[in-house]
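There's a structure below that I have some questions on.
By letter and in written order, the chains are A, B, C and D; residue numbering begins at 1 in each of them.
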Amino acid sequence: MMGNRTPRVTIWNEYRHERAKPEVAKVYPEGIHQALRSGLTPYGFDIRTATLDEPEHGLTENVLNDTDVLLWWGHGAHDEVDDRIVDRVRERVLQGMGLIVLHSAHYSKIFKKLMGTSCALKWREADEKERLWIVKPAHPIAAGLPEYFELEQEEMYGEFFDIPDPEELVMVSWFEGGEVFRSGCTYTRGQGKIFYFRPGHETYPTYYREPVVRIIANAIHWSAAERGAAPQFGNAKPLEAIRGQG
Amino acid sequence: MMGNRTPRVTIWNEYRHERAKPEVAKVYPEGIHQALRSGLTPYGFDIRTATLDEPEHGLTENVLNDTDVLLWWGHGAHDEVDDRIVDRVRERVLQGMGLIVLHSAHYSKIFKKLMGTSCALKWREADEKERLWIVKPAHPIAAGLPEYFELEQEEMYGEFFDIPDPEELVMVSWFEGGEVFRSGCTYTRGQGKIFYFRPGHETYPTYYREPVVRIIANAIHWSAAERGAAPQFGNAKPLEAIRGQG
Amino acid sequence: MMGNRTPRVTIWNEYRHERAKPEVAKVYPEGIHQALRSGLTPYGFDIRTATLDEPEHGLTENVLNDTDVLLWWGHGAHDEVDDRIVDRVRERVLQGMGLIVLHSAHYSKIFKKLMGTSCALKWREADEKERLWIVKPAHPIAAGLPEYFELEQEEMYGEFFDIPDPEELVMVSWFEGGEVFRSGCTYTRGQGKIFYFRPGHETYPTYYREPVVRIIANAIHWSAAERGAAPQFGNAKPLEAIRGQG
Amino acid sequence: MMGNRTPRVTIWNEYRHERAKPEVAKVYPEGIHQALRSGLTPYGFDIRTATLDEPEHGLTENVLNDTDVLLWWGHGAHDEVDDRIVDRVRERVLQGMGLIVLHSAHYSKIFKKLMGTSCALKWREADEKERLWIVKPAHPIAAGLPEYFELEQEEMYGEFFDIPDPEELVMVSWFEGGEVFRSGCTYTRGQGKIFYFRPGHETYPTYYREPVVRIIANAIHWSAAERGAAPQFGNAKPLEAIRGQG
């Protein structure tokens, strides 16, 4: 990607709940994307935003080509995301763009397409406590974090979470109602590095919480790191003599 | 799946090359599926076959519901496989059907859909030698195998192979022309266990070779093993009292 | 190992608490090893037991050579296990003997030696509830299990658990007091397959519980499976001509 | 570890062959450690060296406490490394020091202790060609590398390599004589990040080769990255009320 260049981040948000539901607007008056932008700005990223109702959902070829890491928050309108834009995002991921999938975006078209599974899970909205335990403190996404942190009120997501085994499992959540969840999971697809991060229900101020913002900032750095050469595919000449060919 | 029941295997073959190309017909006169059937029969499986040009490609709901493990060989006609059948197969895999993906089926719709990547690779047809090294001898798919085995002539597949990191890497190939390849790779998707196995170009008698047949038989047993309970998804009642809810 | 032969199981138990502490003797009057033996017998294994205070801790060369899978329960006397016996067990594991490490044996010499880490964790004895969630229902160790099961009273073990990343994470525990734990973890070392399974504090009747016994039986089958050829190490002749050597 | 601080690197070398064997002295007149130091200096690390025959092998408490990443090259004198120093190094790794294990150090006490396996392999000294293929180009250790690179003459190491499954497999080698090898492998032990890197036989100028030096520099950055909080172990108070305890 970019050696030591400042990562160029695009925060994509469905941005419907905030405009339609007063209880969400109260928490995120300018939208989840703007709250994330404010929280991440001190980390020194080059940030832009994009939303569902912009032309091409704000994800033009130009925008994606200028993006090192894409954040994705969606919930009620996954089906309204144009398949052509999904394919465009997927291509960029396979070529090396980072992707950070937030909360209810477990059910986004782009995440399901990259995972190959249903990405289904158990859920409950009951204002319950979540405690996230770091199970891989050596991982760069855990940099600077305490052993665990709590969110006083969150939506519950419970196992079985129908995802491929994470390459690295960074966090596991404990829920007051009795469930556990693999809450911080890394994947590689092509040259692209993907991080799924569970918290972030739209009716709670989760994205203003420091450990949450720090994790997302860590994941941006992790997924924006420089890559090896783009692979060559297709018919290949031999690098050594082959006997059968004289 | 089935505890100690005999695994019910369906061998799916595109079955076009064998009918159209004399050099392939010479090697597999009744089709690759029949050669595999003959080789696997002594292992005691309950085997049927299905091919592209049958109605519903031979993969009706009934056939899939009666299948514990599906083998898939395809090459030139991936695009002719009906998307509805692909979705049907995928559903069964997520519910626990095993899937063994053979050679050029790395580019099949079903494999790409379950992997989420391009599944692209390097290739060359040059009658060259392949030597497969077992790098995980403790894996059940390696049961009874020597440390390595050779195929005197095979098509070359070379890295970078654009797949997700295998959960378990069982075999790595050495090629005469200078490449290496991750040739035996396991994955889990939902309840389904998937094995990708590289060898098997249609112009070579690979599927008559003992180590090759043994590996496929091992993979059938591995992918047909009994599962845990089918997961429940969706809204879930709490298992413990939640304070906020009195 | 042994194809379809009945697995030969040796249950090793420290067997001190049961003789010294009335509250333990009440739960396991003949020792944890005998309780496990009784529970596992209906599964059709060929079982023997061994304990710390027998000569060579009951783990002679002959016993180990006749063992396909070794179960290990220890707690207060890890240091009394002779290093020569530990090395002997380790050699057999590397050569293909299965090893099932139970509860407080996370701190046994043999487990620490095979893991390379401290195997430290958080713990608490508070008669609290544990709920084990299956996070890999396709794994053979989960065969026949429900989505989760509960132990009304257990000792708590909490993260961070200082183990290498499991190859496969099969279970995650929820604890009433607020912690989570990776409770079912698989590893391969050499040709040996290892399963760490958390529950089993000596003051609770955990090893009489059906899901617990079933998991151990599943793990025995999983770790006893046939292997590939024993690897050859050391100086190796080339398999292909090397130019520099004319 | 250290956020954006310059990584403090200690290069440890057995430094015997270079003094005893003219054919090695010709290639590395000041020792492998000095060649590595020269190659790595332009990357801006804070580098020191240490060798076997210094007091405490040059690895005093102070030196290790001032080290973020330790490189280790050893071959003929593994047994002369004091077990107390090995334990000291291991403690620092578990607490978060990076460790880069080079070539014949696969058989070092420290690597075997951290892996838990024999770390045995096949080998051959035959001036043969090695070609290293990148199989995970998205990994930071592959940053800036081509798809593959060649070493005209190297010692052969061949599978089966008796190591635990790597967490991430970054490189696979092809050898002229017919073998393959997992040549770039990552592990986590405690808070420490470990990279095993195959090339580097003492009679070849491998450590002057640009891709080799770049890989080691990448691995230093990767293993020096900031960590999460140091875990707390031992008896832990509950974070939630436990019913049984009133």
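Operating definition for what follows: contacts are C-beta pairs under 8 Å (C-beta built on N, C-alpha and C of every residue); 3 or more make two chains touch, one makes a residue touch a chain.
Predicted model, so just to flag it, every value in this text is computed and none were measured.
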{"item": "Selected pair, out of B-C, A-D or C-D, that shares over half of its residue contact pairs with A-B", "value": "C-D"}
{"item": "Most remote chain, CA-based centroid, reference being chain C", "value": "A"}
{"item": "Chain centre separation in whole Å, for chain D relative to chain C (CA means)", "value": "30"}
{"item": "Averaged-CA centre spacing for the pair chain C and chain A, given as whole angstrom", "value": "36"}
{"item": "Multi-partner residues of chain C (each touching 2 or more other chains)", "value": "131, 134, 136-137, 147, 158-160, 165, 167-168, 176, 178-179, 188, 190, 231-232, 239-240"}
{"item": "In the complex with chain C, residue positions of chain B that touch it", "value": "3, 96, 131, 134, 136-140, 142-147, 167-168, 176, 188, 190-193, 225-232, 239-240"}
{"item": "For the chain D and chain B complex, residues of the former touching the latter", "value": "131, 133-137, 147-148, 158-161, 165, 168-169, 172-175, 178-180, 182"}
{"item": "Chain C residues within the chain D interface of the complex", "value": "94, 113-118, 120-124, 126-129, 153, 156, 158-160, 162, 164-165, 167, 176-179, 187-190, 231-240, 242-245"}
